[in-house]
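What follows is a pair of complexes built around subunit A, which joins subunit B in one and subunit C in the other.
Let's look at the complex of A and B:
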């Protein structure tokens, strides 16, 4: 089972003088259970692409399949609701979408619209909150607007999780959070992934993608320019610099050290492996100098 | 000079019916021409501190003086606010007019300036942030970084001596962040404006002359970026975001004392390891 994007084109304001090609011939498969990172500039088509994943936008050309169901075809018409339950999208600054009087009501909004009974709804709210380590008993009666920024965002995401999606798509989930909030948040998402949820995360941060994603794609001007594991993708540093998204800070450091003649590997990502590699290369250089 | 004398600020929190000490006996001197970064995570009091610098908030105890004027003096409120400008986090909340130049003119117009002077100030302010070519555009058509630069131009047009930036880059993408940081640097170096940057980002703090770290309403660390960043363990314990190079330098130094521990940037690290 997977999300499949096949030769998708998307044009905004087609036929008008301001028409713009937001996506051009995108082919991408999101496999069940994986953690996929999507990176690219503002305006590269990231947000347009993810809105295709649950049929909020329909491709101008090409096909999008959710677990084999083509969202463009007639047979999908009556099934859009089911499809949107499978693919939950969390937009940027989701806390702006909170609107209910209490945290519980806000998270319950989706399940209630599914026509579930009260017991089922409560169960779903509790489960969703537990996934994000939000305390049900103390928070349920609070107004979501009285919470801190990070907590508001968690409540908004709990609202999506209460729909029990199989695929969770997050657009810049850590934008605007402070470092502590960001770290906690990424860990929560990693936990959801470990519990079996498929994660698609759009991010500006190469460091975050390097740390969390199993596979990544780089979008530029509506096209996929690179894809693979972070190690594979980040080894194309020249191309990444040309696109202007750059590489993780420490990858850049390794590259510059190598350019200066220090014999280090440049495909490393974790802090400790990089430290060990630099120490190894330094002692190697010392040995050489002795000879 | 802005002088904080044993500043304490107590909020009454409606939801918990409790008093919260947001600032606890803070003393600080900000000198003309300085570029200061104030770090700390949410709730440490850094925004409360910022709002005291131009009398948006007044001390519960202690005093704040802007160029020797007490901010509690209501008669001097306009002078204080003209002397100390403020740029906030969300650019969308700070723009009011339908074109960029009208937006920048908003402040000077409210001060009742001559139209010819307003014209001059607006042009100069837009030039200082590199936005002259957008002067006739609608602010809503700009990117986040551009909007924030227009907000900064609106402040510059009032000719403040000090500008307080309250997390100006938190909502921007990497490009927008760079634009705003470059603008901030230029205002400090070329125009001589004193900068107080309240931020979460250590990469920004590295650019400052002096870094102040706050926790629980108090100043816990203060010094040059190099001095502050040698306290990697403390910063990590406070869950502040330590730049990867700083963290790596500390780890390398632990195992090989010949490597300096106070490296902050890629350039410094490369120079240290491959001289």
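Let's look at the complex of A and C:
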């Protein structure tokens, strides 16, 4: 079972003089249980793409299949709720969507729309809050608007998790958080992934993608330019620079060392292997100097 | 659906009307409204109709923009026409149950309907050919004489500018919030009236909160740049009357005189 995007085109304001092709011939498969990173600069079509994954947008051409169900076809119409339950989308700055009087009620909004009964809703709210390490007992009666920025965001994401989606899609989930909040947050997303949830994360940070994603795609002008494991993708330095998304900080370090004449490999992304590689290159140079 | 909102829409162009001073255009529209209600027979109404068509042609605005504007108020026009037709007392032409159409009613209906349509067309000419900024500049300038009596002309103009500026922003934000709530299973499209009204709460609460927050931030940003209204402010584009404004003014006065004249035909 998977999310499949097949030759999808999407055009905004089709037929008018301001029409723009946001997506062009996108083919992408998100396998169950994987962590996929989507990168690209502003306006490359990332947000448009993820809105297709639960039928908020319908492709102008091409097909989107959620576990085999085509969102274009008539039969999908009655199953829209089921679809939204399967694919949870957390938009940018999700805390701007909070609206209820208490944290508990806000998180319960999704499950309530699914028509669940009260005990089940309560259970789901508790589970969702526990996943993000939010304390149910102390927070449930608080107004979401009295919380700190990071906590507001957690509550908003809990609202999506309470739908118990199989696929969780996050659009720049760490934008606007402080460094500590970011770190915590990414760890929690990684934990969700370890527990078996499929994660699709849109990000501007190559470091985050290099660290967490198992596979990644690079979007540029509505087209997929590169696709593969972070290790494969980040070895195409020149192309990434040309697209304007850049490479992770550590890869950049290796590239600069190489430019300065140190003989290092540049296709590494993990911190420990990079450390070993630099030490190796340094000792190699010392050996050469001795001779 | 929200993209269809055309309030205060401006269409860039190069026609004579685009080049006129906004104050001239505002005053001309005011005089036009007066003339439209001064005329009281078909000669006058016909003359106004021809005049309006000429103005529309001069503006070089594609006709579909007017039709779109008219479509938005079609219901009001039809209601007015129907009310006039059935409610005016006089010589009965046709009767069915309690419904009576009178000769006077038909005349009134034609008059009111045409007046409304012309009014909307010409005011949309004003906004279509004038940028919102120069429009508010013009209003501010025209209201200046009343400042002596305590009218806050500059502040009013500033408020209008800000309001117009934020319409697209709010529309965009509404769409974003709708999508986010739809992703949580909210349903804005089905259900009866009460259910639909209730479904708007998850949309309206965040929208208002953000609007207030944004207003606060904008006020702070203006304060930080030492904004204070009115006195001694200069403009990038100072308003200046030209020859074409004088000519337009004379023509407008002719229009009013002509409108009064048609009453005696």
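Please note the rule applied: the second predicted complex is superposed on the first by the 291 of 291 C-alpha atoms of A that agree within 3 Å, B and C clash if a C-alpha of one lies under 4 Å from a C-alpha of the other, contacts with A are read in each partner's own complex, and residues count from 1 in each chain.
Going forward, a contact is a pair of C-beta atoms (placed from the backbone, for glycine too) under 8 Å apart; a residue touches a chain by one contact, two chains touch by 3 or more.
Given the structure is predicted, the values throughout are model-derived calculations rather than measurements.
Participant: Considering only the touch criterion stated at the top, classify A:54 as touching first (subunit B), second (subunit C), both, or neither.
Facilitator: Only subunit C is touched by A:54; subunit B is not.
Participant: Go through the superposed model and pick first if A:97 touches only subunit B, second if only subunit C, both, or neither.
Facilitator: A:97: touches subunit C, not subunit B.
Participant: With both complexes superposed on chain A, which partner does A:271 reach: first (subunit B), second (subunit C), both or neither?
Facilitator: The answer is first: A:271 touches subunit B but not subunit C.
Participant: Which partner, subunit B or subunit C, touches the larger number of subunit A residues?
Facilitator: With both complexes superposed on chain A, more residues of subunit A are touched by B.
Participant: State the interface residues of subunit A toward subunit C in the complex, per the touch definition above.
Facilitator: Against subunit C, the touching part of subunit A is residues 13, 51, 54, 56, 81, 84-85, 88-89, 91, 94, 96-99, 109-110, 113-114, 145, 159-160, 163.
Participant: For subunit A, which residues count as touching subunit B in their complex?
Facilitator: Going by the criterion above, the answer is residues 41-42, 142, 146, 148-150, 175-176, 178-183, 204, 207, 244, 246, 248-250, 252-253, 256-257, 260-262, 271-272, 274-275, 278-279, 282.
Participant: Residue numbers of subunit B touching subunit A in their complex, please.
Facilitator: Of all residues in subunit B, those touching subunit A are 15, 41-43, 89, 143-144, 170-171, 173-176, 200, 239-241, 243-245, 247-248, 251-252, 255-256, 266, 269-270, 273-274.
Participant: Once bound in the complex, which stretches of subunit C touch subunit A?
Facilitator: 3, 176-177, 179-187, 201-202, 205-206, 209-210
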